[in-house]
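Okay, structure first, notes after.
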Amino acid sequence: QDLTKLTFIQEWPTPDGFWIPWILGSDKGFYSEEGIELEIVTPPTVADTMKFLGTGRAEVAFTTSMDIVFAKSQEAPVVAIGRYGRGNNWGILSATGDKLSVADLKGKTLGIYNDAWTMAQLEMILSDAGLSMEDIKTVAASDDTVPLLLQKRVDAVTGITNAEGTEIVTVTGKAGEFLPAIEHGAPNTPIFALAANMGWLAKNPDTAKAFLRATTKSIAYSAAHPEEAVEAFAKRYAKAYDPAFIKQQWLDTIPLFGTTDNKALLNDAKDWETLVAALAKFKVLDGLLPATDYFTNDYLPE
Amino acid sequence: MQPEKQPLWRSVLYPVIAFILVIGIWWGAVEFYQVPRYVMPSPADVWAHILDDYRTLWIGFQVTFKEFLIGFVLGAVSGFVMAVLMDTSKTVRGVLYPILIVSQAIPIIAISAALTIWLGFGLAPKLVIVALVVFFPVVVNVLDGLRSVDGDLLRLARSMGGTRWSIFRHVKMPATLTPLFSALKLSATFSVTGAVIAEWSASTSGGIGAYLMQANSRLNTSGTFAAIAYLALLGLVAFVLVILVEYLLTPWRNKPMVPRWSTRFWRK
Amino acid sequence: MQPEKQPLWRSVLYPVIAFILVIGIWWGAVEFYQVPRYVMPSPADVWAHILDDYRTLWIGFQVTFKEFLIGFVLGAVSGFVMAVLMDTSKTVRGVLYPILIVSQAIPIIAISAALTIWLGFGLAPKLVIVALVVFFPVVVNVLDGLRSVDGDLLRLARSMGGTRWSIFRHVKMPATLTPLFSALKLSATFSVTGAVIAEWSASTSGGIGAYLMQANSRLNTSGTFAAIAYLALLGLVAFVLVILVEYLLTPWRNKPMVPRWSTRFWRK
Amino acid sequence: MSTTPVPKLRLSDVSRQFDTNLALAPTNFDIAEGEFICVVGPSGCGKSTMFNIIAGVLHPSSGSVEVDGQDVTGKSGQVGYMLQKDLLLPWRTVLDNICLGSILHGRTTKAQRAEGVELAERYGLGDYINHYPSALSGGMRQRVALMRTLAMHRDVLLLDEPFGALDSMTRMAMQQWLLSVWKMEKRTVVFVTHDIDEAIFLADRVAVMSPRPGRIRDILPVNLPRPRGRNVYTAPEFLQLKDQIMTYIYDEKDNSDAA
Amino acid sequence: MSTTPVPKLRLSDVSRQFDTNLALAPTNFDIAEGEFICVVGPSGCGKSTMFNIIAGVLHPSSGSVEVDGQDVTGKSGQVGYMLQKDLLLPWRTVLDNICLGSILHGRTTKAQRAEGVELAERYGLGDYINHYPSALSGGMRQRVALMRTLAMHRDVLLLDEPFGALDSMTRMAMQQWLLSVWKMEKRTVVFVTHDIDEAIFLADRVAVMSPRPGRIRDILPVNLPRPRGRNVYTAPEFLQLKDQIMTYIYDEKDNSDAA
């Protein structure tokens, strides 16, 4: 049987536990069963994913909701075809036993992941306590902010529970303190998404459906077999990774899907509306479109 | 890479033609291939962005320029000192040379995190990163310069009763200026890249490198290319600066006489 | 940066001392300052990691070496051609030189996405990135070499009825070998860094650069430093390779006679 | 003057101007087949300019150059040419350097290389054909440079201060050697030198040039018998010629600042 | 020999071995105050080795060097020293190059610089004190190099082929100039040259050296009256000395391969 090659561009340059479904799915043959040969490629920087998707260099992408919004504001022909996770687990992490409130942030130094969504949410949280960006000092590190936190070079870092949070647990053996953004004005909408090039989508609806079917199946299987999932990852990326970290990350990720049935990837129109409204309110960018322009559920399995 | 002796109109005209050529090809390509804006903007987009955000860009330019300048001088000076150190003994040279060569293969980004942890978020780690870019070429060239001083000249200086220090000061050191500057010219623009990488590593600065990264993360290609344009400008400034300093420090290469303002000028 | 003529035992002993020194200082510092493992591992940790994962690292080494090698040759050849082109006319030189200089200030990572979009995810963009690292020094040095050929020698060759091409082939071109190789030596190890950046740019490869990034992104410092060790090795191999090729291609610099196996050797 | 009806080399009103500087005033000079002509004159009097014109690598501002009655003005490759600097290619063997002419014309044939070897053997460098020039002494290098010129098979050889860079003792040996080569090869030689002793020792006729503008001031025949040994330096005719040339050169008023 | 009771410069059994090569066999040589000694000999006969030992930059394998009866073996800074290469510092003005000795001893005083200017003016380079060496001709550069040596105020000057790189005409002018300097400054000069004419023209005594091992073969007094003009080249005494030196040099059996 001839397989259709599908280029799947990732959100950032380095593999991590989020990718487990398609890694394990490829190994188990879930994609080839659907006639797809999945080529997983990484971008130079987090910003380049949408360039590859928009120009059709890649057909599908693992990305963030925010990147889709930014890309569409630049008229890139991309659209979300599925969500990855349900809610917003982004927030501010600090060392174990050093729990911070929003008001405590005044005058503190924060290690941040340098993207637009981080800045936007940070502003939302700060305004909840009547603060602004002027009241804190931010440090953007290209790779990782966690070592800075552990070495007490910064007082706190921004991040999500199943990445930065996982790191803190793996290194120190204890969970860090977490200040969730959703409790302080940020919208509780999914961070990650699967996206596709719209031109390709129009011409290859069946392949798109096949891709999402296989992915849905992979998520369900990976959630049910975490040990196998971590093994598949370790096999592909050898010892460049700390297996303990990957395992922890996947375990931290599974609950975020909510369900792992056919509805796992379903886009919720309300989520998108909330997001667009928040972006408009905080003037994060110009050129916002109606919420329904950002996603489609047409290619999801029934 | 000594710039050619040429009439002034040429040394202005040629870069202008070069500039027009680059802009023209860029614009033509963007129009002809219908390159989408989120991949590559047209020169007009970039120009509009620069006009729109010139204040931030200008501040960024100054920040990055400062990082470049201090780091560059630091790297040049420490490279020079290292070369002098290595010139003193065969053993020192033999041991340090392999370390230097191999160290070049280590990507700076891989050690920038450790640098930040040791040195904090201030200027220090950025200066070190810029300095590292200049360091190696300077060591190699200055060492070559020191070792190529004519043995007869050294013998003559000794026969005149020169001490080790005075011979170094007056005979060997000035002989390293030409190779030193050729190393500096080769690494001037490249160390601007060093400053950018440094800003990415741990950025509290509002430099052009940080601007580039932020614009890039928002798919704001006009912003990205505006930053690149400023970096190109910074590279040009860096290069011209090195040439200028060389011109001032090595008057004997361009002039038949010592300049009148020099303390070495003899008035009857 | 011609390596010194020294007895064999020295050219082995010195690097060994250098190696021991680096490892010793590293180990001592890690122990003394109680540096945590997630900041910097001890040499023993790294060694353990290498033993544990040698297969992947070895494959990665080969992948990266291939990228380096092809890209390096590509960059050297195209730099050479560019220099020859620029040597033909003052105008071409005058226009291209400023472009070349300024282009050095643009960080490769800022354009690597565009490169990948044009050239795909395969080897091509990686080769271009490595080639870019070598390109500039080669152009500068070869151009200098071409322009420093003695005018009297050229006049002599013309008086002997040489054509433009045969004079280029037999008189000018061989004169560029020495500056060409000094550029290659200066950029050999550095272009290993180029290969690493290239792998970060669009990585479907399993090279050492990709390994480094993966390890680095998740605080696997043993993995990071294992990758750095392999990169250092790669840099050393690159450097030694260039020296070796230079030795073979320029026998007149080391030997009094043409080697017996050469076609230029005359047998009575 | 011992000119034959058709001279081997004829300069007719050859001159050359560089911007406002008349490097060579219109010059006429006939040289017979097999003659050995030496040209002496202070620095900057246009000797190299004249040679570059004859060799065809510099265009004269006026006048023409004829070889065997053929106009060769501006044509290169008609005469052999050699300079003070040996200009050997360091990356080529002695043999290849001797054969450089044919290399520049494409490939060297086996026969051409064999001829180069024969030349090297005949003139005492047979053991060095596979060496690189860096392995040779200054005198040996100049000999190779001359063989390179000989291997071009041109009847006229222009030698521009070929021994100027050698120490006096090596130089004397080279002069002897050059005369023996000239005798065997029967070429027409024009030889530029700063050294008056050398000029008289070698030449059939000595052309004395003077600068500003560069021109031939006089041509003096040397009637010393050949072969000439060390004893000619003390011959009265030699001393008288030397004195005359010195007078020409040092009593020109504007040479006091030449040093 | 015209030696005074205590010679200005005395070499006693000075020799130097390089590995297995005896560059200079044990040599004795006394030089009187104010004498002008020329040393001739083929390449490699140990002339520069001898100079380096006298200048104190090379240790002899045996023997001692005395200046005014004082043992100065291995001590540098006792004599003035000048080489064929002018070795001017390109980044220093002519004046600074002349004052290099005092610069190397710390700072130049105003007086030292004024003295340098005076030297330059006295010997025809007054207009060039603020120039860089690159703006000067070869002859001018050598004159600066000699002034640098004079400014050191050493009684003994060692000149190692100072004019070897100049063309013959510039060279003659420089010889005249050197003699005038020597006459005014009243120094003791030891002058190495390859050129026999030059040696005889300049010297009070000519030391002829021969190689393998390097040694002084003979010392010939030159009894030509001073000041010497161009006419000395044709004086019978000159020609006879020249012939004798040539015989010494060229009839040594192992010099045939020197070229």
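For reference, chains read A, B, C, D and E in written order, and residue numbers begin at 1 within each chain.
We adopt the following convention: a residue touches a chain if its C-beta (ideal position, glycine included) is under 8 Å from a C-beta of that chain, and two chains touch if they have at least 3 such contacts.
Please read all numbers here as calculations on a predicted model, not as lab measurements.
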| item | value |
| --- | --- |
| Common touching chains of chain C and chain B | A |
| Intersection of the contact lists for chain A and chain B | C |
| Inter-chain pair with the most contacting C-beta pairs | B-C |
| Chain centre separation (chain A, chain E; CA means) in Å | 84 |
| Centroid distance [mean C-alpha coordinates] between chain D and chain B, Å | 50 |
| Approximate Å spacing (C-alpha centroids) for the pair chain C, chain D | 47 |
| Centre-to-centre distance between chain C and chain A (centres being mean Cα positions), rounded to whole Å | 38 |
| Interface hub residues of chain C, defined as touching at least two other chains | 39, 113-114, 117, 216, 227 |
| Chain A: positions in contact with at least two other chains | 45, 47-48, 51, 55, 143-144, 147, 151 |
| Touching chain combinations (by label order) | A-B, A-C, B-C, B-E, C-D, D-E |
| Residue ranges of chain D touching chain E (in the complex, touch as defined) | 42-43, 137, 139-140, 143, 164, 167-170, 172-174, 177, 193-197, 230, 233-234, 239, 242-243, 246, 249-250, 255-256, 258-259 |
| Residues of chain E touching chain B in the complex | 52, 55-57, 76-77, 79, 81, 83, 85, 87, 89-93, 95-96, 100-101, 103-106, 113, 117, 129-132, 134-135, 152 |
| Interfacial residue positions of chain A with respect to chain B in the complex | 45-48, 50-51, 54-55, 67, 70-71, 73-76, 109, 114-116, 137-144, 147-148, 151, 153, 285 |
| Residue ranges of chain C in contact with chain B within the complex | 1-4, 6, 10-11, 13-15, 17-19, 21-22, 39-40, 90-91, 93-99, 101-108, 110-111, 113-114, 117, 136-137, 140, 143-144, 186, 189-190, 192-193, 196-197, 209, 212, 216, 224, 227-228, 231-232, 234-236, 238-239 |
| Of all residues in chain B, those that touch chain E in their complex | 150, 152-153, 155-163, 166-167, 170-171, 174, 177, 250-252, 255-258, 264-266, 268 |
